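Note that chain A is present in both complexes that follow, paired respectively with chain B and with chain C.
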Partner chain A sequence: MTHSPLQLTLTEWDQRYAELARAGLREPWYGGPLARHVERENNERLRRLRFDSSAAALRLWNFLLTENERLRTARAQGDRLVGTMKDLGTVPVMACALPKVRPFYPDGAWWTPCLMECSDRLLVQADALGTDPSFCPVRAMLPAFLNDEHFPRPDLLICSTGAVCDDFSAIAQRLERLGHPILWWEMPRRRAPDPGEPACDLPGGLIGPAGQVECVREELQRVGVELGKLAGCDLTHERIRAGIRSANQIRRQLQTLRQTVYAAPGAPLPALEMLIAEMLAVHFCSDRGECLPVLAELATEATRRVATRQFVIPDDAVRVFWVNPVADLRAMNLLEACGGRLCGSDFMFTHALDLIPEDLPPFEALARTALADPMVGPAQDRARRIVDDCRRFKIEAVVIARIPGASHCPWEGNPIRERIADKLALPIVEIEIPPVCDALLPTLRTRIEAVLEIARARREP
Partner chain B sequence: MEVFLTSPWVPAEIIRAHGHRPRSAWPATPNRASAVPEGVCSFAQSLLSLAESHPDAALVFTTACDQMRRAADAALARSRSRIFLFNLPATWQSPAARNLYRAECARLGRFLTTLGGPHPKAEDLLSVMIDQENRRAALRQFIQRHPARLAAEALAGFYSEGIVPTAPPTDAIPVPRGIPVALIGGPLLPSQWSLFDDLESTGGRVVLNATEPGERCLPPPCPIPSPEQPPLPALADHYFDHAVDAFHRPNTRFYDWLGPRLHERQVRGLVLWVHVGCDLWRAEAASLRDAFHLPLLTLDAHVESTGGLRDTNRLAAFIESLQ
Partner chain C sequence: MICAGIDAGSRAIKVVLFDHARSMVIGRGLADQGVAQPRLAEEIFAATLSKAGIDRHQVRSVVATGYGRNRVAFATTTITEITCHARGVFHLAPDTRSIVEIGGQDSKVIRLENGGRVRDFAMNDRCAAGTGRFLEILAARLDADWSKLGDLSQQSRQPALISSTCVVFAETEIIGLLAEGVPAADIAAGVQNSIATRVMAMAGRPLTAPVLFTGGVALQPGMVRALATTLDCPVQVAPEPQFTGALGAALLAARIAATASTSSP
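The block that comes next holds the complex of A and B.
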């Protein structure tokens, strides 16, 4: 079905859905019109977003917004649920390698106040539980755990700790004190090997000390034993190898999608859908099997649009690299409304986009991947990768999104800015985006427009 | 060379054994940190200023929290050769965490030799351990017999210069009266010691100082290894096993340490001392209340001083509520 790509409001999507249905749209069981997510889950924010008009995007959104429902169904069918907190990408590969085990990130409650436009009062409740606005919006996870109204309570909770943000570490500790036992595992702070110290290559072009890899490997083996107990069978090397292969299939698919979209002369898919698609890498949105076709359909759509030069954003839009996820999804729409397009990203989990080595013993491979997490190493490493990606995707401007309360944000901006200024001299803007940014929209708009204007002025005539 | 330690959980013995002078960062941090950006812990920021104002000294940061880890990154970017970031594991239950800690102690030793110190022989480290242990024993005695402010001064003297005041006869110093409270939390700097006076003037009395470097930071006596045993692993294990802090995951050891002391000393209220921007201590407020069922007052710390009149008024109201 040919259709010029557009960004539609939720109401416009109703009509589009009807058209697609008339044309014989086939959907997975979690499919349906987008508007139902407002009625059923109170996701009021959807009314203020603009969505890509493709069937592929519809499937992506439905996949994302039915996660809690799918988790409940899985539990009813006897699956064991594992809350894998903080590591963003590694433990889910292990959990998915076991039969009838489903990992999910309770951290995802980060976006609940945004989606529900704070009508859930999760942030107010988080405040009452001892985590005030000086903590990042992930504090919404705390009441979400207690009130059982969002995700189901996991059968096992696993959390990486050590070189993680203070916000999450403190909130997870509070959660444990509130009666939710946690299996903690140590994540050392990644450092460059000392002269003469045995070292290993890590994904993402990094190098780490062999001793740190060994520490993480042992920790992951310990986690593997607990996962095995939960599943009632051992997490054997064969199982993990198969799990790694499946994860890599998804990561490859995502790499194809990113390359297609970010390298294209115009934007075949909008920023918001790209953010959601990238997020799937972290835990496959609780369904590894379904995640692959969701991404494949999106990549097919993007490829088709590039081939027919059908772009959803005008092709003179400024090519922007975006750093950090946004607490309010609306900010991604705003970028486009200001005349930008997403051409590169570091949403804090670039290690979940890189392929896990398949030629190493599996725990070793996972340990190296976990240690490549941009958040466990110095911001300078992160900045280096950002600069490389900016070059690769011909970036014209960089937006650093600050997360309110996040312990890392006040420290990271400078090293990232300095590196970009030193190597590329691109215009950069740093903006803080709260979970519902409506009141700040005029300011945010002005600041983004200003940086895009500078980028545009620098274009060669 | 002077080597500043930013945490009580890095053995100063290793520094002394390498021929350097361990100094603690708490008393040395500048009274005025450079402008503290929003969201940044003022203590972590002041460590950067400390590094800048002491270009001939080395600094050992730790990974105890994200803020300090990132302050270390900033310091490393400016001066790699004299900054060491010690990976303090947050967990303590697994052999992997213990091995990480031991390996970091050994790595610290290698760093110290790059600063010009000799590589110590086992007996050198052992004799430093014995000497340090004797000083700690004297310090423990001193702080038991002295009011909180004097004890804090003694602790600071020990950590910054290794000096321990001699304890006068028990009856030499009158025991102050007041409602017994525990002071809990992160770094309490000399510029902030007026907090003890404020507490006393409002009718309270600190009977347990669990800030940094308070009593909480004094590990129990370290068993001295036999001459056949390598001393470094024994020293590392002792620190690893007895660190009591909020950053541990889980941080049950901190609660297990606190509980009996609060009970023994008949503590009636808790004052939580939290640096602005410090999530780790701030998040403990609710858990401390739940765990000990004691009234708790959170005071926000800025590097320069205590919070002035407003905090004094809050303290007064708090102490009054405990009467």
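The block that comes next holds the complex of A and C.
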């Protein structure tokens, strides 16, 4: 069933759902009207968001919002659950390669205070557990581990440490002290190879010292042994190769989706749905197999809309590159309300969008991918990629979102701003978005509108 | 062609009526902001029109700007205060390269290109440090009239050192300074320096001269000196600085109306 694309409120989606159902909508087991996620899980924030009106977007949201249910079902069916923390996209590829092992992303609890509009009291409880607001909202994960009201407790917890976010390391250490043993693996801070030092190509056009790749490879092999013990079978090279191929299918699908949406003359999909879709690259929303058709349906819808020139926002919207994920999903809607459209993104895991090399020994390939993580290298590397993407997608303005308390935000903003200013002279704005940003909406709106006004003024001769 | 700009700020609503044909301001109005923002905007707009002898139907276009711009129901469109201040300043002093605007709740540094277009801008974050709100808190603490703080600061012999990072912390410091018997004039001058320091930190790098100071806080004696000293460059105060945003809005309204009339059949 085709119709003109719109951004709908939750109430409007109820009506749209009825229309789709009458037209013979076929849904997977996790389908249903969006409003049920408010009623069942108290996700009040959904009442204040605007959603894309396609059946593909409905499937995406339902897939996302049923993750905890999916994990509980998997546990009941005997699957082993692995919490893969901080690592954004590498260990889940290994875990998914094993039978009846399901990785998930406990850090994803950082969106729970937003979705539940703080009625969950996770942030207050995190405060009481020693992680106050000077830490990133990922601290919501701590009480979520203790109260069993969100995700089920994993059978194995794995966390990367070293050159990763400082406050995440602190939060994870606190979690361990609270009685949740963690299998740590070390991530060195990526650096440029010294002259004459053996070097390796990394995904994303980066180069790293071979010694660092070797270090990460050994760490991942150690993790692989533990995963094998959990699964009761070895994580063989063949299994990982198959896992890499499956992960790359998803990454290719995401690349297609991004290219279709960001390069289009208008916006075939809204910013919010693109953020959610890209997040699937990190941990597959606990179901790698289902992830692919969810993304494929979204890409098909985007392609159809581009072909029929049906866009969700006016064609003259300013083409915006967005840096960092937002603690409050409402901020993505705000971009469109201000007259912008998402045409490029760096949500801190661009390495999870790059293909994992399939022509290398599998642990070597995964190690190179992990070392290409934008969070473990200099912000200048990240800035370089952002500038390249800005050129590729004809970006007119850049929004850098800061996450309150996140230790990486203060030091990465300037290098990114400076490189964009130096190479492209695009208007840039930095905004800090708390988990519930309602009280700040007027000031956030002013900042975003101002940067879009500057971009529009530059269109004039 | 008469157009209007409404700057619905956090502390006051300002109205400017601009006659495009004669290229001159033909009316100004100002009222305190309050809870009933839409009604207050309506009232001051009507009062300004009446005072200028203009019938409402003569106004071709209205641009609302400022913190409360989206609550000005009768506006043709809204434009941010960054763009409006830039436009107003370009009209008043076209050579200006940097604007410092300090209002009741926000402060901004706006860098301009040749031709008055905005190159980039910085705004205060959530904290009221570096804004007029700090002066209001000081006035309340000193039991003084806000408008007299500038004169008071001129009597200072040794400005107090006051935190520029947080107004709440700074208020605690002011209480401590008063308890120690530090003269109110020194505290007032110290607060002005603190605001100027915050603005400089927000700017991030040196400002290109000429620098024009706009916004209601620019009316306060002593603030321009504090800014010039802290920024280490000459700073000029815009004529009637509290109306710069509304003037820019009126000029942009005129442009919108002109564009609409040329594009209509």
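Just so we're on the same page, the second predicted complex is superposed on the first by the 459 of 461 C-alpha atoms of A that agree within 3 Å, B and C clash if a C-alpha of one lies under 4 Å from a C-alpha of the other, contacts with A are read in each partner's own complex, and residues count from 1 in each chain.
Rule of thumb we're sticking to: a contact is a pair of C-beta atoms (placed from the backbone, for glycine too) under 8 Å apart; a residue touches a chain by one contact, two chains touch by 3 or more.
Keep in mind the model is a prediction, meaning the values are calculated, not measured.
**Q** In the superposition on chain A, see if there is space for chain B and chain C together, and answer fit or clash.
**A** fit
**Q** Return first, second, both or neither, reflecting whether A:G211 touches chain B, chain C, both chains, or no partner chain.
**A** first
**Q** Could you work out the angle between chain B and chain C as seen from chain A, using CA centres and rounding to the nearest 10 degrees?
**A** Angle at the centre of chain A: 80 degrees.
**Q** Does chain B (first) or chain C (second) touch A:I454, or do both, or does neither?
**A** Only chain C is touched by A:I454; chain B is not.
**Q** Between chain B (first) and chain C (second), which, if any, makes contact with A:L440: first, second, both or neither?
**A** A:L440: touches chain C, not chain B.
**Q** For A:T161, using the defined touch cut-off, is the partner it touches chain B, chain C, both, or neither? Pick first, second, both or neither.
**A** In the superposed model, A:T161 contacts chain B only, not chain C.
**Q** Considering only touches as defined above, state whether A:P427 meets chain B (first), chain C (second), both or neither.
**A** In the superposition, A:P427 contacts chain C only.
**Q** Pick one for A:G32: touches chain B only (first), chain C only (second), both, or neither.
**A** In the superposed model, A:G32 contacts neither chain B nor chain C.
**Q** In the overlay, answer first, second, both or neither for which of chain B and chain C A:G228 touches.
**A** Touch status of A:G228: no partner.
**Q** After the superposition, pull out the minimum Cα separation from chain B to chain C in whole angstrom, please.
**A** Superposition on chain A places chain B and chain C at a least C-alpha distance of 8 Å.
**Q** Of the residues on chain A, which ones does chain B touch that chain C also touches?
**A** none
**Q** Quick check on the complex: what are the chain B residues that touch chain A?
**A** Where chain B meets chain A, its residues are 37-40, 63, 65-67, 69-71, 73-74, 76-77, 85, 87, 89-91, 93-97, 99-100, 103, 107, 110, 247, 249-251, 277-280, 282-287, 290-291.
**Q** Enumerate the contact residues on chain C facing chain A in the complex.
**A** Going through chain C, the ones touching chain A are 67, 70, 79-83, 106, 117-121, 123, 125-126.
**Q** Which part of chain A faces chain B closely enough to touch in the complex?
**A** 129-132, 134-135, 159, 161-167, 169-174, 176-177, 182, 184-186, 188-189, 191, 194, 211-212, 214-215, 218-219, 222, 378-380, 405-412, 414-415
**Q** Can you list the chain A residues touching chain C in their complex?
**A** My answer: residues 421, 427-429, 432, 440, 442-443, 445-447, 449-450, 453-454, 457-458.
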